[in-house]
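You will see chain A twice below: alongside chain B first, and alongside chain C after that.
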Partner chain A sequence: MARKVAGPEIEQLIQLLARLPGLGPRSARRAALHLINKKDQLLAPLAAAMTAARDKIVICETCGNVDTSIECTICADPRRDVSLICVVEEVADLWALERAGVIKGRYHVLGGTLSPLDGVGPEELSIAGLIARARAPEVKEILLALNATVEGQSTAHYLMDQLETCEVTVSQLAHGVPVGGELDYLDEGTLAAAIKARKTL
Partner chain B sequence: MTSQVDPELQPARHRLWIARLRATDFRNYEALSVELDDRSVVLTGPNGAGKTNLLEAVSLLAPGRGLGRAQFADMIRHGAAGWALNAILHSAHGEVEIGTGYRSDDQTSARAVRINGETARSAGALGDYTRTIWLTPAMDGLFTGAAGERRRFLDRLIQSLDPGYRSNLSRFERAMRQRNRLLEDGEASSSRYEGFETQLAEAGTAIAATRLDTVTRLARLCDTPAKGGDASPFPWAELVLEGVLEGRLLNEAAVDVEDFYLETLARCREQDRAARRTLEGPHRSDLIVGHGPKGAPARRCSTGEQKALLIGLVLAHAELVKQQSDGYAPLILLDEIVAHLDEARREGLFHEIERLGAQAWMTGTDAAHFAPMGAHAQHFRIENGGVCA
Partner chain C sequence: MQWSDEGIVLSSQAHGETSTIVEVLTREHGRHLGLVHGGRSKRLRPVLQTGNLVRAEWRARLSEHLGKYAVELLEAHAARVLDDRAALAGLNTLTALARLLPEREPHQPLYDVTKLVLEAFSEGEHWPALLVRWEFALLDELGFGLDLDECAATGTTEDLIYVSPKTGRAVSRGAGAPYADKLLALPAFLLPGNGGGASPSDRDVADGFALTSYFFEKNVWQPRNMTPPQVRERLVARLCG
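What follows is the complex of A and B.
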């Protein structure tokens, strides 16, 4: 193993940074050094922003989005189309779709996909909440924007089954998307095309 | 071998070949760099010199885990932190630089791949440039061993013809593992199964259809007695694909077979639950190979006959890859194959490689075996993780 090069406070910073997605031990070291070099311009405001975020973050009770109020910005926005609910796996997917600006309606974050191998069944996901929302009279369409992975697609299948008794149209992203592709990775043009070409099931 | 190279069989430079190979901390190579031309490569040297390791390095220029199916971590030279390979390759897309590597502190089990300096999202991207096929001593018992080995062999053949096949295979495997877990858990609700079964049916039927298509085309190439005649050093093979879906696809439309498999999976849940796994499907198929001229199944042939049959199959496959890739034959890696052939077969093999216009990489302990290749190959002596011309 590599020898420690700094005191415990800095080592801990590096170790925590290394747990961020996309950062390995080496890039974490580089990031830490960068933060340290910019102590006043970057490190201090970042620490403050993180503390503030930690204190204020809540999960939207309706859709599962993360925000700073119990009703998220999207759910609270009166200009949103109430007849459409777009179902995504994770908040990251919601944000990717928002970036592309292609969803006029609201969202529902499942919190993952059905995966027996990972011990995730329907109870572990926010499925009951979705069914309840789908029963509301103003809701007309449920758009399943799940990833083109085995788990994403089989979860979509399961949801269609469960939504059968609700009076809604269920549609699915047209996956011109590579198999195993994840929404979060797709560029905005591809996402917009996939939504435009969505199929009704 | 007197080689009047037939100009018709040797069209202008449509050749996939490695022009430079560098290996850093890969297996027993600390720092290796070899410059090559487009001829075949012969590697000779004592046991343990690093011949097989070098073939493994070449096999990693294509998608997958390489010819030994080893863990990437095990390829790191003892005491080093990671390995890297870098190659300049001439392909149908012109000259391409491929880099691939793995470090022990990488937080994944996947290797990194760079193509012309750009990081590729996965090793699958290599399939656009490199096609490789190989024969190793580990494949000796292919015809007598388990069906799984033959299935993997066939699946590998298909992947070098159809890089997209891999995604169906992994989709099928993933969906099956999920379904098997439901079976193990004793899950009874059918709605939990349907999503996975739909994908098993889709991917499974696609897999079976691709296999059937490939085997049919392979059979056309290697069961034509006219090609070599009974006197050919590599006997023609009779190929039969055994499998429920493959069998049905002979007479039924793919959509019907897909429906059939979907129904089968639903119907067999009870039985599968008892077995705690999926019993029916393309993961149980087998490739049955017969020795054409003898009219006998391969597993009942002599060791030498089996070997010749396998080489014949691999050469037919190389021909198929070539036909399908604008005349670019794949890289052919033959580990310790030549030593076990008699003189006539050895020369027959060299002739076939020439005819295909392939850059073959061949290993052996005895340089004399490769003498007939003469100036048709570049000969290297491998010693202790080093290469000398």
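What follows is the complex of A and C.
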């Protein structure tokens, strides 16, 4: 068993930091030391920010995004195009699309993908909420921005079936060569998808 | 312990931040799990998609260990059917059902048929009948094969159009007529030696799925207290509804 190098409070800080993604015990120790060295500039504000976040974070009742109000910033933004709903698996995907700044509409976070192996069926995902939103007269298009994986596309196909009764256009992201991608380095699957989705110029 | 084999990815589950536990149906070593270091990386995630054909090298200190896989893509079956609703559901059904096989027991004839079905998903419209045949082969491998060689009542090999739900044996038109409402329909394409006949109709495929559904339910799902894979139910509804 490793010898403890600090008091229980610091050890606990290290152990909790080590549970964050991307951090192991060594990097957690370095992060803890950094926080301790910058106690006033970093540790105290971080602790306060985390406490505030814990107290205020809620899930948006409309789209499933995380924010600090029941209606998230995106849903409350009147400049957003109400006719387009972009469906994503997780909040991380929503943030990625927002970083790119390419979606002018609103979002719907499913909360995962259908996965029989993990016991995730349609009931475990926010599908009923999506169908209800798609039935609203102002909604004209549902963009399925799900991962290009077997689970992601199986979920997309399931959603297409469910959305058939709604009067909306259902679209999905294209699959193919990424920007900056060199054909020589692409996997066979991506190349096959790119060839299949080729377009006439 | 070390071996190298060709196999079909049945599932992959995240393990920690970077690794994946992968389940592969291999030709010589059966359904076999192993850890793939870096399985969640950009390079390996496309390789480890369900249904892909891979070359897998497995290493472990002892045979009973989980072991580690090094995998290399041979055929990207998953990517070819991602846009095809029915074929993707077929692929999901096949991989879900293949997980019924016992671990680490080779099933070479079934493995070879599985490869054919996977290739058929991206090649044409005849794969539903192939999938039904594959389900029959799976039932057989699980020890619940149907006997369709001759009529259970008369011994005739002609005009077999029913299957007895009790015995799983074929019944001829004449012998089965009085009990027609209790017997299951046997589509002609499932009869032994009838592989090269005319293309099965949608009705034949529906009858085939009804037959396999019945015997899966009776012999596999109910005794194991399992529910049928939802994806299979959706596929059957799509193809036969």
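Things worth noting here:
Following the convention adopted for this analysis, the second predicted complex is superposed on the first by the 175 of 201 C-alpha atoms of A that agree within 3 Å, B and C clash if a C-alpha of one lies under 4 Å from a C-alpha of the other, contacts with A are read in each partner's own complex, and residues count from 1 in each chain.
Note that a residue touches a chain if its C-beta (ideal position, glycine included) is under 8 Å from a C-beta of that chain, and two chains touch if they have at least 3 such contacts.
The structure displayed is predicted, hence computed values, not measured ones.
By the document's definition of touching, neither partner reaches A:77: not chain B, not chain C.
Looking at the shared chain after the overlay, A:25 reaches chain B, while chain C stays out of its contact range. In the overlay built on the shared chain, the residue A:192 is in contact with chain C alone; chain B does not reach it. Of the two partner chains placed around the shared chain by superposition, neither chain B nor chain C is touched by A:167. In the overlay built on the shared chain, the residue A:155 is in contact with chain B alone; chain C does not reach it.
Once the two complexes are overlaid on the shared chain, A:61 sits clear of chain B and of chain C alike.
In the superposed model, A:117 lies in contact with both chain B and chain C. In the superposition on chain A, the residues of chain A contacted by chain B and by chain C overlap at 114, 116-117, 121-122, 149-150, 153-154, 157-158, 161. Per the touch definition, chain B reaches chain A in the complex via residues 105-107, 167, 170-171, 174-175, 177-179, 181-182, 185, 187, 191-192, 194-196, 198-199. Touching chain A in their complex are the following residues of chain C: 11, 13, 17, 43, 45-47, 49-52, 73, 75-76, 78-80, 82-83, 85, 88-89, 91-92, 96, 229-231, 234.
Chain A contributes residues 21-22, 114, 116-118, 121-122, 148-150, 153-154, 157-158, 160-161, 175, 187-190, 192-193, 196-197 to its touches with chain C in the complex. Chain A meets chain B in the complex at residues 24-26, 114-117, 121-122, 149-151, 153-158, 161-162, 178-180.
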